[in-house]
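Chains: A, B, C and D, in written order; residue numbering restarts at 1 for each.
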Amino acid sequence: MEHDIDLSGYSIRTDLAVEAHELARQHNESDIPGVWLQADDSEPGIMVTRLHVQTEEAGKKLGKLPGRYLTIEVPKLRNNDTSVEEQVIRRFAVEFGGFLKELGITEEHKALVVGLGNWNVTPDALGPMVVENLLVTRHLYQIAPETVGDGYRPVSALSPGVLGITGIETSEIVFGVVEKSKPDFVICVDALASRALHRVNTTIQISDTGIHPGSGVGNKRKAIDQETLGIPVIAIGVPTVVFASTIVNDAITYLLGHFGQSMAESNRAFNRLSMSTLPERKEPYTEEDLPDMESRKTFMGLVGSLPEEEKRQLIHEVLRPLGQDLIVTPKEVDDFIEGVSNVVATGLNRSLHRAVDEENSAAYTH
Amino acid sequence: MEHDIDLSGYSIRTDLAVEAHELARQHNESDIPGVWLQADDSEPGIMVTRLHVQTEEAGKKLGKLPGRYLTIEVPKLRNNDTSVEEQVIRRFAVEFGGFLKELGITEEHKALVVGLGNWNVTPDALGPMVVENLLVTRHLYQIAPETVGDGYRPVSALSPGVLGITGIETSEIVFGVVEKSKPDFVICVDALASRALHRVNTTIQISDTGIHPGSGVGNKRKAIDQETLGIPVIAIGVPTVVFASTIVNDAITYLLGHFGQSMAESNRAFNRLSMSTLPERKEPYTEEDLPDMESRKTFMGLVGSLPEEEKRQLIHEVLRPLGQDLIVTPKEVDDFIEGVSNVVATGLNRSLHRAVDEENSAAYTH
Amino acid sequence: MEHDIDLSGYSIRTDLAVEAHELARQHNESDIPGVWLQADDSEPGIMVTRLHVQTEEAGKKLGKLPGRYLTIEVPKLRNNDTSVEEQVIRRFAVEFGGFLKELGITEEHKALVVGLGNWNVTPDALGPMVVENLLVTRHLYQIAPETVGDGYRPVSALSPGVLGITGIETSEIVFGVVEKSKPDFVICVDALASRALHRVNTTIQISDTGIHPGSGVGNKRKAIDQETLGIPVIAIGVPTVVFASTIVNDAITYLLGHFGQSMAESNRAFNRLSMSTLPERKEPYTEEDLPDMESRKTFMGLVGSLPEEEKRQLIHEVLRPLGQDLIVTPKEVDDFIEGVSNVVATGLNRSLHRAVDEENSAAYTH
Amino acid sequence: MEHDIDLSGYSIRTDLAVEAHELARQHNESDIPGVWLQADDSEPGIMVTRLHVQTEEAGKKLGKLPGRYLTIEVPKLRNNDTSVEEQVIRRFAVEFGGFLKELGITEEHKALVVGLGNWNVTPDALGPMVVENLLVTRHLYQIAPETVGDGYRPVSALSPGVLGITGIETSEIVFGVVEKSKPDFVICVDALASRALHRVNTTIQISDTGIHPGSGVGNKRKAIDQETLGIPVIAIGVPTVVFASTIVNDAITYLLGHFGQSMAESNRAFNRLSMSTLPERKEPYTEEDLPDMESRKTFMGLVGSLPEEEKRQLIHEVLRPLGQDLIVTPKEVDDFIEGVSNVVATGLNRSLHRAVDEENSAAYTH
C-alpha cells in the first residue's frame, strides 16, 4: 500500500477495478467499450464480479491497466464470524484456482508469494500476515524432496518490507529474489485503498495485472508485473483503508443529488411563480417566455450540478483541518486484518496445494 | 472507550469539553452562563484551554458534567517528533501537577492509575499502554519501605480490561480494587472519541469529573467518580477515533454554509428578477410587494438551512452502506498510540513523583 | 509464577505434585502414608495421574498442601501438532469436568477465571493468554439474559497483572473482584516451574488447593484459596520454565549414581587388592581383617554418596557465573505458550459450557 | 541462528570465538600458534577482547574461520539499566567504527544491514529487531538527495526471514538483494548460541568472517561472506541461548574437577594405606613397590579423568528425557532482546552516520 499519487486534485482514488468501473459508468452513462463484466450472485451473501479490461483505451477510461479483475464481495466478512470466513475461504480457493488455470498455470508451476506492505502499520500488514500463514514448501523440495508427498507444489514466500524500513525499492528486492529463486509465477498480496468505507475488509480483488505503485515519471522500474519479471504476476488485494476525502466526497455527492431532485421541483415552482407575475394574456405563458434565463441557470447550476473544480475546492475546505491526505480505517482494524489474512492465506494454501483441503488446512495457519 | 450512547439521532458526539462548548456556542451565538473559559497559547505550538462548567444548567447545555476540564492541544504531536513529545511531556507534567494541587492533592497522597480500554484494539489501547509505562511504587512501600527514596509517592496501576473480555463491569473491578488497596485518589486514562479528525492524537484532556460510560437508565453504577468512589477521580483522555458520521456531518454542514452564502445572493437576484416581471408602476417595488412568499421561503429553507431532522436523514442515507456507527481512526494509529501513551505515562511519572525529572524519566518507560 | 521462595539452599524446587511425590519417594524408599495415587495410561500418548494428599503430615513430606492433584502428561504436546492438541483438549475437558463434579460444582455455578502471570514475559504469560481465549458470558446474563441460549453458564475472567506492574498484591485484586462480582467458584491459571525440563510445556496440573505464592512469614494474605475466598478455588498450571539449578542438580545426581555403581565394584577390587598385600596365612582374609576402615569409608563417602551440604556447595559453584536463580525456558517458548494456552482455553470453554463442543469451540478462540 | 550442526557427539558448541579459544587453551595447555589476543578492561564493567585467527591451522584448532573477532562483554547488560546501556552503546559505536576503519571502509561506503533470524521466536529475533530501529537512508539519496544533510551515508536494511518461513535460503535472498541494491559492504546481525549461560545477553561479538550456517557438505552456497558476495561482510552477534547440554557438560566438568582434586589426596592416602599393609622391611616402601598398579589406575581414571566418550555418554543419559538438542534461554528473554537490540541498533546508527550522536540518536529508535 504505497499511495504516492497526486492527491491535490482529489481525483477519486480507488485500487478496485469494480469501483473504477462504477465511477466511469457514472460519467459515461453507457457501457464502456472494451470492458467485459459478469456479476455472479449465485451464492447467497457473496457477489463475485469478473471484469476484463480488454483494450488500452478502456484501461485509460477506467484508470486501470488492461487485464482480468475478479472481485469477491462479502459484506458479512466484517462480522468476524468463522462460518462466514470458512465460506469465503472455500469460494476464494475455487475462484483463485480457476484464475490460475485461465493463465495457464498448472499444478507443477512453482509459486513465490510476496507479502507487500508494512508490518508495523496494522491496516498495511495484510501482505506480511498472509505470508506468515502460508504453507511454504520450496525448501523441502531442495533439501529432502522424498519427504514431500503428492499434491503439493514448491511455494516460497517473502515479506520485503517497505521503502522507509529497507531503503530499497520493493521491486528491486523482488527482482533479486526472483532471479535467485526462480519461481514460475509470483503472487503479490497487498492492502488496498477503497473509495467506499463499506468495501473495507469485505472485498478481495484478484488480478493478473501485477503491482504498479504510483504513476509518475520514473515509476516504470517500480512495477512488479509480467513485463518486468518475465513471469505471470497475480495481485491479491483487500481494501483496508479509505481516504477521508472520499467520505467527504460521498457526502457532498449525495447531498448534491438530493438537492438536484428538489431543485427540479423547485424550478418548476419558480417558473410557475414567475409566469404568474407576468401581465395576463390570452395564450398561456410557457417557460420560453420567461426573461433572464441566464441568471436562473446560474442559480440552478450553483446547487444542482456543482462544477468539478468547485467541488474539489469544497472538499479541500472541509478537509483542511485534517491534513489533506488523511487515510482512515475502521477502529476494529486489528480484528479485521487478522480475519481477512487468515481467509487469504488458507484459501491460497488450498488453491496452491491439491493435498490441502478443508479438513487439514487449519493446521497450517496460526 | 465505551460508546454505548444512542447514535440513531446522529446527535453530535464528542468526549471533549472544548468541542462540546464550541458546538453549544454555535447554537447559542453568545456566551453560555456558568461556563468559565481561559485559553492560553503563550507556548508556541501548544494551546491550553481551561474550561470550568460551574452549574448543572451549563452542564446540560454542553452535555458535560459540571467540573474542571483542561485541554492541551498540540497539532504537531501527530508528527512522531521526539522533541515535540518532550515539550508536551514537560507541559503536561506542569499542568497535571497544577490540576492535582487545585484539587487539594498533595505529594503524600496515594494514587491508583486505571488504564481503561481494550488492549487488543489499537485505538482503544491507550489506557493499558500508559499503565505499562508507569513507575509503580506502592508495593515497595509495603515490602521494603526503607528502599524507597525521597521524592516518590505510592502509585499503583491497573488495566481492568473491557466488558467483552472480562464479563464484569469495569466499575465493579475498580470499586473492588479501590476497597482493597485504599488509594487516596484515582486517575483514569482512556481513549476518547472526538468530533473532529484533526483533534485525534493531538489533544489531551484532563478533568475532575471522572468516567461516565453511556447515559441510559441503570448506568449510574457504571460511573467511576468521586460520588461513587468517595475519593477524587481524575480522568485523562486522548481522542483516538472519530465517528464516520461526524466527518459526513462536517461535510454537509460546510456545504450548507457554502450554499447559504450563495443563496443570500441568489435570493436577492431572484427577487430582483421577480420584481422585474411585475407590471410597471411609479414607486419602485420592494420585496414586500412580491407574491407567494410562502413558496419562496420553502424553496430557500430547502437549501439554506436544512431542518435538523432532514439533515440527520441525509447523514443516515450517506452512511447507510457503512453501517451506521462506523468509527474510524487514522491509518497510522499504531505509531500515534505509542507516541501519545509515552507522553502521558512519562508526564504522569514526573507529576506523581517529584524525584522523576527530565534526566531520568526515560528509564521508567519502554 | 512468583517464585519468591528461598533458593539459597537449592532445595529441589517444583510446582508439580507428581514431581514432589517422586522426590519424596526417592528419599523415603517406601510408600508415603496419606498419599493416594492412581496412574492412568489407558489413552495412548497421555498419562493421567490422580494424586490425593490426604493428611497434613503427608503434605509436609511432599511440600504440597493437602488436596487433590490431577496431572495430564503428554510428551508430544511440544510438537505443535494440531491433532495432538485436539486430543489433549478433549481429555482435558473430560478430566476437568470430572474434577468440578467431584467438588460439587454444577452446571449452574458461576465461574471466575483468573489469569495469573505477566503478559510481557512470554513464559509467564500463560494465564493472560488463556483469559484472552475464554468464552466470557457473565455480562450477557446481566444485560440481555434472554439472548443466552441453553447450555451456558455465567463465566467472567480477569488478568490482574503482577506486583511489579500493578503495585498491588494479586490476591488483593482477586478478593476485591470476587466480592463485587460474586462468582460461585474461581479457576486460577498460572505458569509453573518444573524440576524437569521434559515436563515443560507437556504437562497440565489441576488441583483444588488454590494458589499459594511464596511460603514466608506474612504470606498468608497472598493465598488465593477456599479458605481466603470462601468459595472453591481450582488451580490449573502448566510448567513453562525450570531453574537452571535443577538441570545442574540432575546432572550431578546422575553422575553420582553412575559413580556409585562403579564404586561398588571398585570397592571390591580395592579390598581384594588390600587383602592380597597382607602376609599369607592359612584361612583366607575377609574384609573384616582389613585395617584402617575409617579412611576407606571416608574415601568412599566422598564419591558414592556426597553429603547434601557438599552437593549444594557444588551446584552453587557451578552456577556462580550464571546468577544463582537463573530460570530458563526452551527457545521455542513463544510457540509452546501459544499452543498450550489454546489447549487450556478451549478445554475450559468445553468444560464450562455444555453447549460448546468439538464442532464449534474453535469459534471462541483466536 | 540456524544450528544445523551434528549435536549427537556433544562436541562443545559455541558461536563465540573467545569461548572457542578458551576451550582450545584448556585442551592445549599452551598458547595456540597463529592466534593473537588482546584483552582490554580499561573501562570499568566492560571487557573488550580482540582476537585474530591468523592462520588456517589456528582456525581449525579453534573451529573458527581465520579473521578478526572483537568481543564486548558487559555482565551488567542483563540488568536492563539504561545508564549501562548508554555506556555500552558508546563503546560499541567506538569499537565498531574502529573495526570498519581497519577494514578500509570509509564514511562514503554504502551499507546494507541484514537482520538474520526469526521474528516469531523471541531469542532469535535480534536481527529483525535491530533492523527495525536502524536509521535507513539509501532511498533518500535516490529520491531526494538534496534533503540528506552532511554526516550521513546510504544505509539500507533487510530482514530476509528464515528458511521455514520463506522456503528460500537466506543467502539466496541476500545475494539477490545485494546484486540489485549494490552496497559497498554488508553487516549481518544474528542471535548466537553461547556455551556459557553467563554470556547470554551480556556479550556482543563483531567479526569480519561473515556468516557460515552449518558446516556440512553443500553448505558452501549458504555462506554470506566476502568470498561469496565480493564485498566485506561484518557479522555482529549476541548470544541469546545455550544448549542445555552445555549446562550439563559444565556441571559434569566441574564435578570431575572437584573429584579430581579430592582423588589426588585420596590416592596418596590409598597408597599410604597399601604400603602400611606390606610386610615390614628396612628401607621404606615407595609407591613403586605397590603391586597391581593397573587396577589402581583404572580405578582412578574412572573418577579423576573420565574418558571423553564416557563423558558424552553421561551427558546423553542425563539429557535423554529432555530431547537431546534442547536449547534454552533465560525466562526474561523478551526484555533482554529488547534491550540488547536497542544497544546494537543505536550503536550502529552512531557508527554509520557521523551526524548521529548521543544527543539525537534516541530519535531514530523506538
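The rule is short, and it goes like this: a contact is a pair of C-beta atoms (placed from the backbone, for glycine too) under 8 Å apart; a residue touches a chain by one contact, two chains touch by 3 or more.
Each chain and its UniProt protein: A, B, C, D = Germination protease.
Keep in mind that this is a model prediction, so the values were computed, not measured.
Colleague: Would you mind telling me which chain pair, A-C or A-D, is linked by more contacting C-beta pairs?
Modeller: A-D
Colleague: If you take the mean of the Cα atoms for each chain, which one ends up farthest from subunit C?
Modeller: Most remote chain from subunit C, centroid-wise, comes out as A.
Colleague: Determine the centre-to-centre distance between subunit C and subunit D, using the mean Cα coordinates as centres, and give it in whole Å.
Modeller: Roughly 34 Å, centre to centre.
Colleague: Compute the distance, rounded to whole Å, between the mean C-alpha positions of subunit B and subunit D.
Modeller: A distance of 53 Å separates the two centres.
Colleague: Between subunit A and subunit D, what's the gap in Å when you average each chain's C-alpha atoms?
Modeller: 49
Colleague: Residues of subunit B touching 2+ other chains?
Modeller: Residues 120 of subunit B each touch two or more of the other chains.
Colleague: Could you pull out which subunit C residues touch subunit A in their complex?
Modeller: So the residues of subunit C touching subunit A come out as 82-83, 338, 362-363, 366.
Colleague: Once bound in the complex, which stretches of subunit A touch subunit D?
Modeller: On the subunit A side, the touching residues are 120, 131-132, 136-140, 154-161, 163-169, 172-173, 175-181.
Colleague: Mind pulling up the subunit D residues that touch subunit C in the complex?
Modeller: Against subunit C, the touching part of subunit D is residues 78, 120-124, 196-198, 241, 244, 247-248, 250-252, 254-255, 258-259, 262, 266, 269-270, 273-274, 276-279, 291-292, 295-296, 299, 302-303, 314-315, 317-318, 321-323, 326-335.
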